[in-house]
């Protein structure tokens, strides 16, 4: 029984990590109906960028490239502003771009402390998110969802290549200051082994989810976002700036990817295998429904726990290693029974 | 010679329903086949045959299989490599365990085994669509590779599931040299491409496309959803299975289940996106591109960088390859969703009107 | 004009059909019949449940209660492809053509039920499969001639103007040589010439092939001219049923269309 509990708790805690990645998917799916296969690559990119910045600062060529692009955009913003009535705003935008460009140049070959690296990575990930929306998804508006999905597979390849081109392909450790050891008092009281790292990870995920829920339900942007999710055209008609909302969502997905990347990277090392986390998140989404934050959480917990339990109790019978596909089979069986997921909305096909 | 159809009148429906209704196309394809069968084997070096042409043909076949499922029947699959693995390992086992089994038959049986597995994993397509289905095929991918690794019977108890294929012997003749293997693969691929073309231009293909374009309307005109979708899965997996068997026997020789990983599935998907979704020709163009491009990059990226005064770190070309593939996929999806095949077609249409486009 | 046509026994009987989506009642206890060889119109304001009625008849929707009897066979749940097999073809209100295919291929799909060869024979193409394909092509060309769309035969349907797309959809339905043809607003959004053409086609189909037709249409002039009998639906309920003249004189129908003075 004690062993069972340990496995269950371990599974649930790793399930929280799945939920974290699944959350990134849900955010984008809710707002734009895109199933973003590249979420895993974003996680990988975020973790690798943080570690890389801590180790040796930004590589010269990529910083130069980014700075050049930003300066170009700054110039464009000013030139566009000349004719427009709201020219003042564009000066501010140009200033922002220029400042980031200068900041990027300053970072070259200067290793950063942990929090500095996280902050810079956050800016970078937001940039990547916004750029993705602008360059990849906007040209594909009105294409069938399956094309968008395939485009994000292309994006996955691009980001994986980019991440490794920037930072190399070596496995690196990442220490975020949370020890990975059993919590003593839990051990003493119940005799169950619970890692403090897993618990802290779960705590961080919970805080993130709660703040996203507040963001979605209480703020103006959140409301606009839900409107967009419900009906693009109608949202556009009542004056919601669709493109801005999408950019915000992608930026948020970049942020979630950063958090997930830090936790996963600290747990398993920062390496290419992080991208596979995304594949684990797919069954979670099917279970929880693509449109529900709560679904992502519950789905993650179920997948995490059932996967660990299956590995321990069923695995030995068939030679082990069933973790690689068990979650999928669970999700598939589930699909056949309830295609819209636990928390998803049922759509009626109209003819 | 001008590419023009003026003066070629079709007096019967039979003439109008040919594979290549335009005479110049018929001449061109005949010439191409003649070159492929009679010229290339004697002028191409062993390196070209072994490292480029044979894999090109095999991946064209796999891409063709995926194109039948995804391009024609509209069911996205991410498990192509898994079905190839089934074909390879099934062919190996038929060959190994049944003494008298002719090699061509065991390849075909490999294809049939893949078709069966394809049907099983295609069953969810009756309830689910789009990327939900992608997840189902992803399950196939992981499950198949896992099963082939975990059950040593499949690989005849070799270590880590590696199989080494025997020699390819047909009616006592051993296909050993790259040239002979190339000709054998070429013959199989040409025949199967022809069969695929025939299927997609007749009732079977129209039913697939109808299901792809609008499933409700397809049912209303009397198309059986289950039959049509599962047939697409079966035929597609058969093609992938045969491609897998050829991959093992005529190309690599020694394969392990991990060789048929998700990355390979993605590459084949990229072939059809770049080549042309829903086009037989596109499967070949895409395979050619995805095979040739890395070779091109490997041989020229470093010299070009040197000429520009940059030193590329080791491993950079493979990262560049990933980035360029990714960017191309996005580019093609956004700008030309029907891929190289459509560009080719546009070129031909321009040529038909040239030099007087009005 | 309908005097000399041999209108027969009812071939389709709808009895007490109710259909709802979630809490929305689309049809409530609707009953009517359709006789062989007649043109039967279904009219009613928007949202009256007309399209839902057609969807029930050919099995796209399954009613919660009630039955549909077709050619003496009572059925509760039928699948669309079974309905097609029994000789029911239809067109849709929002065009439901196969966008990625040419006009010819679209119409050829209408012949799928007449195909006897297997996919293997088709893959080899010689012999029976080829003969059959050419035979289908010949039949399809008859339909193409009949509907006067020869000039767009090889065009992808997505490139055609709306009116022609509607005609291609009718062609696809006719290619199946149906006994019962369900037309969902075949003339919606057409200009006057296109409407006249379409009326002519509907009448010819009915007269030359003896096809029974159930037709939804908003243009009252068209309905009154074409149909033998009219069913009026309102809010999912049967409001009236009878000849065009009787329906036109029906007070309930007038109220539903023009509103009631309060």
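As written, the chains take the letters A, B and C, and residue 1 is the first residue of each chain.
Convention: contacts are C-beta pairs under 8 Å (C-beta built on N, C-alpha and C of every residue); 3 or more make two chains touch, one makes a residue touch a chain.
In this text, all values refer to a predicted model and were calculated from it rather than measured experimentally.
Each chain's centre was taken as the mean of its CA atoms, and the one lying most distant from chain A is C. Put simply, the chain nearest the middle, going by average C-alpha positions, is B.
Computed from the mean C-alpha positions, the centre of chain A lies at a distance of 49 Å from the centre of chain C. Centroids built from CA atoms put chain B at 33 Å from chain A. Per-chain CA centroids place chain B at a distance of 41 Å from chain C. Across the assembly, chain B contributes residues 216 that each touch 2 or more other chains. Counting partner chains per residue, chain A has residues 351 touching two or more of them.
In chain C, 60, 92, 96 are the positions where the chain touches two or more neighbouring chains simultaneously. Those residues of chain C that touch chain B in the shared complex are 58, 60, 79-81, 83-85, 89-90, 92, 96-101, 105, 108-113, 115, 117, 119, 122-125, 129-130, 133-134, 136-138, 141, 172-173, 176. Residues of chain A that touch chain B in their complex: 35, 135-136, 139-140, 143, 145-147, 149-151, 153-162, 164-165, 168-169, 279, 282-283, 286, 318-322, 324-325, 328-329, 331-332, 335-336, 339, 349, 351.
Those residues of chain B lying in contact with chain C across their complex are 13-14, 16-17, 195-196, 198-199, 202-204, 206-207, 209-210, 212-214, 216-225, 231, 235, 278. Residue ranges of chain B in contact with chain A, taken from their complex: 74, 76, 124, 127-128, 130-132, 134-136, 138-139, 142-143, 146, 149-151, 216, 262, 266, 269-270, 273, 313, 315-316, 319-330, 333-335, 337.
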